[in-house]
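Some notes on the structure that comes next.
First chain written, first letter: the chains are A, B and C, and each begins at residue 1.
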Amino acid sequence: MNAYVLGLLTLNSIMIIFALSLNVITGYCGQVSLGHAAFYGIGAYTSAMMAVAGVPFLATIPAAMVLSAIFGYFVGLTSLRVRHDFLAITTMACGFLFLGVVRKSTFLGGELGISSVPPSGLGSLGDTLLAVGSALVVIILSLYIQKNWTGLAFRAVESDEDAARTVAVNPPSYKLLAFCLGTALAGLAGALYVNYARFIVPDTFSFGTSIAVLAMITIGGIGSTFGVCAGAILLTLFPEVFRFLGNYRLLTYGSLLILVMMFIPKGLAGVPAILYRRSSSP
Amino acid sequence: MIYYADLLVNGLALGCLYAMASVGLTLIYGLLRILHIAHAGVFTLGAMIGISLTNLTSSLVIGFTGAICLSMIAGCLMYRIFYERILREPPHVAVLISIGLLIVMEDSFRIIFGEEGITLHNNPFYLKTVDVAGIQLNVVFLALAAIAVITLTGLAYFVNGTRVGIAWRATVSKPLIATSFGVDVIKVRYLAFGIGSMLAAIAGVMVAVMNNLVEPSFGSVVSYKSLAIIVLGGLGNMNGALLASLCLGLAESFGTAFFDSYLDRNAIAALVLIVVLMARPSGFGRGTA
Amino acid sequence: MKALVPPLLRCERLSQSFGGIVAVSDLSLVVEAGELVGLIGPNGAGKTTTLRLMAGIQTPKAGQIYFGAANVTRLATVNRVRMGFATTHQIVRPLRNLSVVENVMLAAGSARTVSAVRSLFQFSKSIEERKARDLLERLGLSAVADKEPGILPLGQLKRLEVARALALDPKIVVLDEPLAGLNQREASTIADLIVDLNRDGLTIILIEHNLSEVLRICRRLLVLDAGSIIANGDPQTVMAQQNVRTAYLGDQIDAA
């Protein structure tokens, strides 16, 4: 197993976790978040700062998750307060706020970010196994939530909040749960990313990243665990696969986004349904 | 004292710029609940066309006219080709299409006009300032503010004082009800895209003239703040949007002067947005349903 | 000494107004366990507002509401539901992303979804599914149990509303115009169902415009007009009352 393949496996696992984390918030519970990169970033910065200070990597993971979840809780509170139309923009604002603070903060490394993060001590194979293992755990967790009572309640909240109340589902507490879970998992992805890249800069957590992760889940099929995994892998491998496009990569990315959303808005997970309908109509 | 006056004027002018760039966005959001992020691309498109045409014909007037016409067409086409078919889909679909459009537009500008952008060959207005009561004011910035005030006042009169305008405003706030009153909602949509794009193009050309430069990521200055203005202004509420634009302009002007070491421009706008929303979850608008 | 059992539902001098328009004025009513009470009145009398106050969707400007001995005037809807108070809605609101049986299962599983965090540990749905399917069978909806509500006709959606309310195991159900929009045969069927449910021990308040069915099945009538109760008694007596006829017919009828 050469380093390139291990690296690719690690990065894909991290992106799968990141995408599934947004899927809990947006896919299961219907809360559109355009600032999810901030929680990825909070997890990453927490892990990086602690690692640089000498804390062993594995110990930074729970800290990263908890800190992300705390901030996620507060952003979740805003989701309760503002009209649902405004949630997308409010979360986007939270993303920019995070970015703005981090860019200007010398404590957090400013524009240059944090570099020279010490290795975890697990070795490169160990790091990859950790990432892949974590991804598998998150996938199982994701499937579990989809099938259990939380998932059903989430779907009710997403469908119609007032109607959900009449079946004794309290929307605010479920929205908060979705945010806490989703952001904690994003924090996990962030911590793993730091270990993979060994340095982070503010730009890693820009609005573009928030959009990329949203694209992953929508292209893959919002709500569907396996669809989201497929979307994550697709968009992670995209720069590699389309390397030959060189100067026209961004153009292709944008065009792809438009075309996919226009013609298969339910994402890849919705394709079987489209094909089924086509084949069964006269 | 002069310093504060300077910040004040700067802030108000900035607010006018944001207003021009954002009114369209507010209208579109109110009507269709679409976050038309690609509007920033129209802003840049206007600037690019305006500057190119002016360079070609040496006439700023032709540049302006061309920018306005082509931007209006572009805006309406965006609605017709991209948005109209996905109106029934969940909101994230429109957002991603719009972002995709913006990415395509910006990268196209980069490929066509180059990474560095284009400048005006002969710019008599560049860096020209005028002295008003001790404050140095950029001539173009002033002109922009003046044009903004004129067009926005005109628009305000239109939507508050004329029958067509009132119907339009009502449709933007409550599209479903308006249909049952016989209002042609489709026409209203095109009007929103058309006028919004026109205003954005005007603002774009003026900023390009002022800075003597327009480059591919030109729109990013305005884009995210425009979105904040939709929210702050209250759903589709034009008057609220104007007020919000001015407030945001002022906040940014004073904010960057005092807090520059802690937060960048976008973050200040973001903070204002979050704080205002916490206090008034419906924004400045009169809490329309 | 006989202990007095408080009535299941008691509204005491409720008042509600919206920007100057009085919707409900000094309204008091009592419903005992086991009753099948009709709440009728002309359009604009305040029936829907009264329902909303009882359900907790709105808070009254004045007055109190009691479930049994508990004062629920300011209690949130979700909590009133947990106390055993269920309502159906005039404008049906099924959860469109869920199938019919899932809609009812959620209601049946209200104990599992009480706490968001604890719901994470609740996985098994077999009990609630069984209960939901039984209810759907009783309401004649078995054929569409696994379909999504979006395609169903109004009659079936109304029955889904009832199924959802019943799945909550309520002590008292308020049905808001369950017969509206149904043809005579459908309305009669549902009315019979309501009688059956009441016979099984469910306390029901029926808000309805369909007077022929209401008069047929309700044992007591409350008549609402201009925000207040103007009559309270058995159907025969109430409908003969002068003020009731005036309220409905709108002009003075000679007493003689």
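Here is the rule we go by: a contact is a pair of C-beta atoms (placed from the backbone, for glycine too) under 8 Å apart; a residue touches a chain by one contact, two chains touch by 3 or more.
Quantities reported herein were computed from a predicted structural model and do not represent experimental measurements.
Enquirer: Identify the chain whose mean C-alpha position lies nearest to the mean of all protein C-alpha atoms shown.
Expert: Of the chains present, the most centrally placed is A.
Enquirer: Which chain's mean C-alpha position is the greatest distance from chain C's?
Expert: B
Enquirer: Would you kindly tell me how far, in whole Å, the mean C-alpha position of chain C lies from that of chain A?
Expert: Centre-to-centre distance between chain A and chain C: 43 Å.
Enquirer: Centroid of chain A to centroid of chain B, CA atoms only: how many Å?
Expert: The mean C-alpha positions of chain A and chain B differ by 31 Å.
Enquirer: Just how far, in Å, is the C-alpha centre of chain C from the one of chain B?
Expert: Between these chains, centre-to-centre, one finds 50 Å.
Enquirer: What parts of chain B, by residue number, touch at least two of the other chains?
Expert: Within chain B, no residue contacts more than one other chain.
Enquirer: Touching at least two other chains at once: which residues of chain C meet that condition?
Expert: none
Enquirer: Pull out every residue in chain A that's touching 2 or more other chains.
Expert: none
Enquirer: Note which residues of chain A are touching chain B in the complex, please.
Expert: Residues 26, 32, 34, 78, 81-83, 85-86, 88-90, 92-97, 99-101, 103-105, 207, 211, 214-215, 218, 222, 247-248, 250-251, 253-258, 261-262, 265.
Enquirer: What residues on chain B touch chain A, complex-wise?
Expert: Against chain A, chain B makes touches at 33, 35, 82, 85-86, 89-93, 95-97, 99-104, 106-108, 111, 224, 227-228, 230-231, 235, 260-264, 266-271, 273-274, 277-278, 281-283.
Enquirer: Can you check the complex and tell me which residues of chain C touch chain A?
Expert: 77-78, 81-82, 86-87, 89, 93-98, 102-103, 105-107, 109-110, 112-117, 119-120, 122-123, 125, 164-165, 168
Enquirer: Can you tell me which positions in chain A touch chain C when the two form their complex?
Expert: Contacts found on chain A: 144-145, 147-150, 152-153, 155-156, 158-160, 162-170, 173-174, 176-177.
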